[in-house]
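For reference, the structure is listed below as structure tokens.
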Amino acid sequence: MTDFTPTEMMTIAAARALKNDDVCFVGIGAPSAACNVARLTHAPDITLIYESGTIGTAPDVLPLSIGDGELCETALCTVSVPEMFRYWLMGGRISIGFLGAAQLDRFGNINTTVIGDYAHPKVRLPGGGGAPEIATSCGEIFITLKQATRSMVDKIDFYTSFGHGEGGDHRRRLGITTKGPTLLITDLAIWRPDPESKEFTVTSLHRGVTRQQVQENCGWPVRFAAHVEETPEPTELELATLRDLQARTAAAHEGRA
Amino acid sequence: MTDFTPTEMMTIAAARALKNDDVCFVGIGAPSAACNVARLTHAPDITLIYESGTIGTAPDVLPLSIGDGELCETALCTVSVPEMFRYWLMGGRISIGFLGAAQLDRFGNINTTVIGDYAHPKVRLPGGGGAPEIATSCGEIFITLKQATRSMVDKIDFYTSFGHGEGGDHRRRLGITTKGPTLLITDLAIWRPDPESKEFTVTSLHRGVTRQQVQENCGWPVRFAAHVEETPEPTELELATLRDLQARTAAAHEGRA
Amino acid sequence: MAAFLSLHDAVARNLHDGDVVAFEGFTHLIPHAAAHEAIRQGIKELTLLRMTPDIVYDQMIGMGLARKVVFSYAGNPGVGLLRRMRDAIENSYPRAIETVEHSHSAMAQAYEAGASGLPCAVFRGYKGAGLPKVNPTIKTVICPFTGEELAAIPAHRPDVTFIHAQKASEKGDVLIEGIIGVQKEAALAARRVVVTVEEVVPSFKGLHPNLTILPHWTVDAIAVVPGGAHPSYTYGYYERDNAAYLEWDRISADREAFAAWMTENVLRVGPEVFAGRVEALR
Amino acid sequence: MAAFLSLHDAVARNLHDGDVVAFEGFTHLIPHAAAHEAIRQGIKELTLLRMTPDIVYDQMIGMGLARKVVFSYAGNPGVGLLRRMRDAIENSYPRAIETVEHSHSAMAQAYEAGASGLPCAVFRGYKGAGLPKVNPTIKTVICPFTGEELAAIPAHRPDVTFIHAQKASEKGDVLIEGIIGVQKEAALAARRVVVTVEEVVPSFKGLHPNLTILPHWTVDAIAVVPGGAHPSYTYGYYERDNAAYLEWDRISADREAFAAWMTENVLRVGPEVFAGRVEALR
């Protein structure tokens, strides 16, 4: 088995979590790579939707933006953005929403808005885009993130999107009927929320990763499941598919188109 | 000048009221004939919209329904019915709305819903369709009606669509910002609302029609303008255009397509 | 996921006594074949949603399938009244029906709200109109910014929506073209969706990207029924049978003539007859 | 009615100091040429509406045209941050700007409500999110049927909306294809509409009936600017210049580099340069 990077492991582990009949609201970056690896391996019929309005898209190259031309050219159809958010997201048609994070807390609450105070931010980040409603309208939420104490924090500076809030039944108390974050995949481990507290708990470590590494790269005291598994290594097919995809993508984006 | 029927006069007088830059929400029957005669004579650029979603349609034959295929085939574009009512009607894009009536009162309030009590009607009529919002969303409303004491009544049995209510500034008091009924064209005369009371007042009699005839075929005491004109007769072109249109239409609808 | 079924099975598996059901199609693409199948199967106590009940509901009401009708224009478009529906409302024949009446704008927006997963539609409407006085489901909300009173009605959420469309792909995606009406919204608002189509094509590759398509995962059952919209029409396939609409005025005017017509043209036949009915209209 | 004008005149006649303006296009069809013309004309004190401010507003903000920005995602799509906008927010350079921040869903629905002539958009959103705490224009209404608390925000009603489209007909009708975004809504919500197009064709006869078209009577001015979306793209004409988006990250990182780039590539040139910029992308 050839070697692989932690980021490749993260992307492939995320791809594995997707099912053939999922309808997936895809973000840019790792989510986009994971969704397309899934489509090119075990989930050929997965429906990928980008918030630009492209439904059932199958890009040969990963888009740089969520609105690249190839998304439309390969989609079953392309709808207006108001329709995308009204009929498809708010309408409850999406089974899986993928989110990344600048800051994440143990309950899956995400900040991509500001570092520091909102009115006088230390760093003004891009903001939520579709995330506030993706987080509450999709059947469940998968989060991918490279671990760092800077990004996995005890308290996020801004609630860009709501995960499990303070944990427990906080979603239900707000009248939110969807599951919220059910999976966190980092470059080191796979995490799932505790059934009761909803705090993310490590359920699987990637090959060669120690509990100490996970803790050193997380800003809160990490909880580990009673039985922690080892994440199966990427297969030849998974790795080849991801690397081919990324090679095609790099070639396409660096040259002028 | 060849002779003409009162209904032909009514349709042609209605056609004359339409301008080349009007955007007209068209109903079936006399309004549809009038709008298309206008388009085929003095208003070639008029935009005709049917509530089926066809925008800028130019049928060669009058549709039997508001959704006949030719409306779509000759339209600039065809939108969904929710879009038609949201962006185009509610959005205030329509300058003229054409309405017919089963019952009409002197203030342009219309009933096409029931004769008798709503819960236990003597006659259950089709109802409003688009009329309730056409009457309040279009810039102004034109009404065409064949006069009869049965249809031009002192009090309508049901307010299917709102005209000037009890008259005066009743529309403004309800927060309605559009003009409402500004023209009533019957087979006998042309009526316009009094500037103050908003009661329909005869401003022009069709050729050979007497004031007595107008009164005998109206269920309320008719008011006549200080100066009542005679409606100019249909021109050769107007009459020929209308009759050709109706001949083509009859041929198309009687045979199976 | 879309299953390709016979019309009999598509209806039997998805439409049940007491359901709230929409057979939509705005003049164009009215799913008559599916309605006839429902009549043959004798489904009862239905709540029928449809902007224009049209001949399709005149027949279902006349055959006693409906307990309630939610509508906005109960006419035979361009012809006149719906005589079976009138008979039910005016004389409770063959049974009394409850009616909930809206405007077209309200009905269209109630489907749109249903498709959007919202509990209600909020819009500017009904000002000065009589319907709010006789329809208790018409309420108001106040705009928190301008203080304007806006109309609000419950979103439509049918148990099942039936539509007719031009094409399905082999995967079960559905294409609707021409006067698209409220079908996309009526389908996305429903718990179950049944579509009759003129034909099945291998795929929709190469079509314009912005057409009206229902992905296969939004559709429950597809039945191929050429001519299945007759006497309504299918843009690109056959024209509206306007003569049949005119003729319906006569048939529906008499209870016995209606019963005889339904027996001969609905109860004693199957969906295969529709192809023949549109032959002269292609 | 649509007037065919030079881009200079289309902007000069329709965009004024202090206007609320939307330059829309969701990644696709971003009207860069029109924005550059506004920069050359030195229009001031603008309130800029746009879901994704993107490079187009990074440039306008960096050149000091904006007093306020209403937005939902202030990133360089797929690349990173908008450094000129950040500099304005974090350091008030070149001037302080007011920001009003929404979610994509809210922004899209605010345009949709504006196109529908409504005072506000009502939707299910912002549950548990932080934005309602920092954006006082996010309020709530209660569904009169279920009691659910729904989000409400004011409808967008720009003084003027700028969009780029593939084609205009000689009458001035405008066709938008591919990723259509919110352009139809942004245009119909606005008091004035200015469209740059790749080309003018005699008419739209023979097109599919259900395409996204703005009739000529909804458009105020049309300017023909081939390549006018660059570095965004025009479906069917040229591809997105992803390299330029990557390069912008470097240019915009430095105030002097930005100023020099704008002088050379915007202030000292005219709309005719856009055709050349997309040559290699066709």
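In order of appearance the chains are A, B, C and D, and numbering begins at 1 in each one.
FYI, a residue touches a chain if its C-beta (ideal position, glycine included) is under 8 Å from a C-beta of that chain, and two chains touch if they have at least 3 such contacts.
Everything quoted here is computed from the prediction, not taken from an experiment.
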Shared interface partners, meaning chains that touch chain B and chain C: D
Chain at maximum distance from chain B, centres defined as averaged CA atoms: A
Centre-to-centre distance between chain B and chain A (centres being mean Cα positions), rounded to whole Å: 57
Whole-Å separation of chain centres (CA-atom averages), chain B against chain D: 40
Multi-chain contact residues (two or more partners), chain B: 72, 78-79, 86, 90, 137
Junction residues of chain D - those touching two or more other chains: 112, 116-118, 123-124, 148, 178, 180, 184-185, 209-212, 235
Chain-to-chain touches, reported pairwise for every pair that qualifies: A-C, A-D, B-C, B-D, C-D
In the complex with chain A, residue positions of chain C that touch it: 1, 112, 115-118, 173, 184-185, 188, 204, 209-213, 215, 217-218
Residue ranges of chain D in contact with chain A within the complex: 26-28, 51-52, 71-75, 77-79, 81-82, 85-86, 89-90, 101, 103-105, 108-109, 111-112, 123-131, 134, 148-149, 178-182, 184-185, 212, 233, 235, 239-246, 280-281
In the complex with chain C, residue positions of chain A that touch it: 21, 23, 47, 55-56, 72-73, 75-79, 86-87, 90-93, 137
Residue ranges of chain D touching chain C (in the complex, touch as defined): 116-120, 122-124, 137, 139-146, 148, 150, 152, 154, 177-178, 180, 208-212, 235
Residues on chain B engaged by chain C in the complex (per definition of touch): 28-29, 51-54, 63-69, 71-72, 78-82, 84-86, 89-90, 113, 118-119, 121-133, 135-137, 158-162, 165, 170-171, 174-176, 252-257
